[in-house]
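The structure under discussion appears below in the form of structure tokens.
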Amino acid sequence: MEKLLEINSLSKSFKGNLVLDNISFSIEKGEVLCLLGPNGAGKSTTINILLGLLGRDSGTITYDGKVVSRSHLRAYKQKLGVVPQDLALYEELSAQQNARFFTSLYGLRGSSLDEAVEEALKFAGLIDRRKDKVKTFSGGMKRRLNIACAIAHHPELVIMDEPTVGIDPQSRNHILDSIIKLQADGITILYTTHYMEEVEAISSRIIIIDHGKIIAEGTKEKLKENIQSEKCYHIELEEGTPIPTEEFYDVEGVKEAKSDGNKIDIVSLRGVENLDRIISLISDAGAHIRNIAGEEASLETVFLKLTGRKLRD
Amino acid sequence: MNNVLRNNFSRIFGRLPSVIIMLAITLLSIFLAVYMTGTEQIRGHIALVTDNSAVEIDSNYLSIEVMEQEPPMSQLVSQKYDAIVTDRGNGQFDIETLRGSDFKDMLQLLLQNPQAKIPAQKSDRSVGVNIIGFLMVFLGTSVFFYFFPFADDKEQNQLLRIAASPLSFRRYLAAHFLFCLFSFVPSFGMLAIMKAAGWDIGFSLPQYAGLLLLLAMLGSTFALFLNTFIKKPDNANMFGNSILIVTSTLAGAFYSFSKSNALLDNLIHILPQKQFLEFAINLQNGEEWQHLFPLIYIILFSAVMFGLAYRKLKHDYVERV
Amino acid sequence: MDLSNNFKNPVLINFNLVFAIVMILIMGFLTSGNYANAMDAYNYYAVSFLIFGMMQGAMTATNCFMERDIKKPNLRILSSPCGKFPIYFSKMLASFLFDYILHLLVAVILLIAGINLGGQNVGWIFLMMIPVEFSSAALGVLFCCIFHCEETASTILSLFVSVIAFLGGAFFSLDGLGSTLAAISRISPVKMLIDVFFAVIYDNNLSGVLPVLFISTAFSALCIFGCQKTFRAEDYL
């Protein structure tokens, strides 16, 4: 597939703190690239640099084969759509007025502006509420309007910075469905989030970023393949004797064991049948098992393995 | 730029009560300025204490209230009366006043000879300068109000979205300046109506247009400067209005002060409002093009404030590639 | 908590403390040439700008009650079972205390500088300041309740206070500008306060004290009643 956006050796420091450390990646036309990482990983900094709002210490940005420079910055921005993390909407104006204004910034006028706004509001499911003031909208509706304002001018690349923060699951699902539709229409999307479920639902490719570095890149299947050889058991005990986790390492195949009060997480090699040994160990210690759950490799476990911590610590 | 302007007008509908009240007060201030010019000829308000009803002092320069009892001291302090004159009989008067010796001498002269002519005060101003002085304060305050779209855009992050779009940042700012300029239109309209109705408003309408344009330029660059460097719009407004009132009063917006203090004079001349009023006085005297310094000063001052604000905004939001 | 928030806001402190002192100094200096004794100019403006400052306390109240950053934390108070009255009354109280403390400080500084604030009658001045400050704060909160928006309330109040201060003679007395203006000036509560304060300071005349106390208190009660009728929790959302 053709590359739409390329970032090479991007670095950025704030007051001596290295926030982005020589990162490089590319986005291909028509894909949904998810930038996944915890708070403070460097996702928003990357976005702000891409939008031309923040300077960079080093590195280049290439869009559609051309290096993005001051001389053709405007043309570059024309191709982008932005869904910021903060709801940048005028609460005292209607949905239509908001969409019209933000779309007009991209040069649309007259009937083409009207058509684009109507199409975007229909896409966001807000056409019936177009004349209502934004302050009367729910959080989910505001987020949908936030997206509508970004796509009305038919950008090639839509950059979405955590667009589902603080909304209900139904609205989130609506937004995720909209993103899939956008992709089907040929729009390329760069999506940042710290929610695994969203990445699982929409991503073509994932970049995992932490402490300003890219620590993994690939499709979700490829990333999971790396730990396909593993499985995870989550065991919940009755309140009683805690079991020292070191004893589990004596069981064949066990790679990792962590306990948290009366809960134990055990990572074991796939193909080694050791569950009965693990259960015996627990019974011999006098504890009673309340629940056992097995888990297939997921992005959560990928992140845990790569960083040594959970995504939402 | 038109889209930003249109958007600003849409947003101001939500603040209509404020707009109407502000408009009413600004227009009222024009009336007050005109009225006050007419009353400035009176040099003193006197409480004449006498039980002799035959005593009559009729002077164009004094407003006299006759009474039998001496008024309390607080009425001298609160400037209800400039002096208490007690009739001792035989054309002799005792004068009690807080005012300086100049005033006392003038009063003595007028008491002896009520028809005497008093030379015009250095601080006498034409009606045009009075009007423009008042407008300087009230329109200056209103500029902070009309700059709210920019202030809100910055506080609530719409500015981020706008900066990420291909819209020229200069055009975006120009739209806000133009929006502020529109706020001066009602005042100009009021002056035009007064002139058509036969009132003496001092300057001609084209002159007022030029003066208001200068005022708009000064006010909006100041508002931009404060809103750029002060994070919260409320704080910028409060701070800006305080500075405006202090500096405008010092510059002589409401009342012309005569102080023979070279250091203070020089300090006051740094204020752009002072230069603005000087320019207006030169215009009143038909000497505006012989004394271009005030005009250049105002333009440069505005340019510096704009430049500093623009630089900060560019650093924070624009063209970082 | 509200009181401590106010004291952490340098702009509010500047507005209520520094601005008043600066204006007294400036106006006093500029007009001192009109007086035989320069202190008379400062004496006039000390009282007039102290009163102007008390009126401007209404803006502290609007800021304390509905300023954007304060609105969200105040939501927690709204969702507690304490009812409407404590919500707006606590803001009035906090603003009043903040303004009173700062204006007392201004008065003390003026006294140290040799300004005449009534000698042994200064206690009456400080006493009158209490209900006047509170009524300003109450007015600020009432405006927020009526206009449902801090920005609108602040803007309108700022204009309103400037006009009544101007008409009342805070900048210069309008008494000497003709009978019409003098009559209009009497409408302003600032004028009434200036007259009463000067009567206490210079004439040892305390007859105006009770009316000031009574009218200010009654006005505050009216504002509180107005808030009870007009305050809506949804203005915070």
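In this document, chain identifiers A, B and C correspond to the written order of the chains, with residue numbering beginning at 1 in each.
Keep this in mind: a contact is a pair of C-beta atoms (placed from the backbone, for glycine too) under 8 Å apart; a residue touches a chain by one contact, two chains touch by 3 or more.
These figures come from a predicted structure and were not determined experimentally.
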Arrangement of touching chains [line / ring / star / complete / other]: line
Far-end chain from chain B, centres as C-alpha averages: A
Geometric centre distance via CA averages, chain C-chain B, whole Å: 23
Centre-of-Cα separation between chain B and chain A, whole angstrom: 56
Mean-CA-position distance for chain C and chain A (Å): 52
Parts of chain B lying in touch with chain A, wherever the complex brings them together: 3-4, 6-7, 10-11, 14, 156-158, 160-168, 317-321
Complex contacts: residues of chain B adjacent to chain C: 15, 17-18, 21-22, 25, 28, 35-36, 39, 42, 44-45, 63, 72-75, 77-82, 97-101, 103-104, 141, 145, 148, 155, 232-235, 237-239, 241-242, 245-246, 249-250, 254-255, 257-260, 264
Residues of chain C that touch chain B when the two form their complex: 9, 11-12, 14-15, 19, 22-23, 26-27, 29-31, 33-37, 40, 43-44, 59, 63, 67-69, 147, 150-152, 154-156, 158-160, 162-163, 169, 171-173, 175-178, 180-181, 194-195, 198-199, 201-203, 205
Chain B-touching residues of chain A, taken from the complex the two chains share: 49, 51-56, 61, 68-70, 73-75, 77-78, 80, 82, 84, 86, 88-90, 92-93, 97, 101-102, 104-107, 149
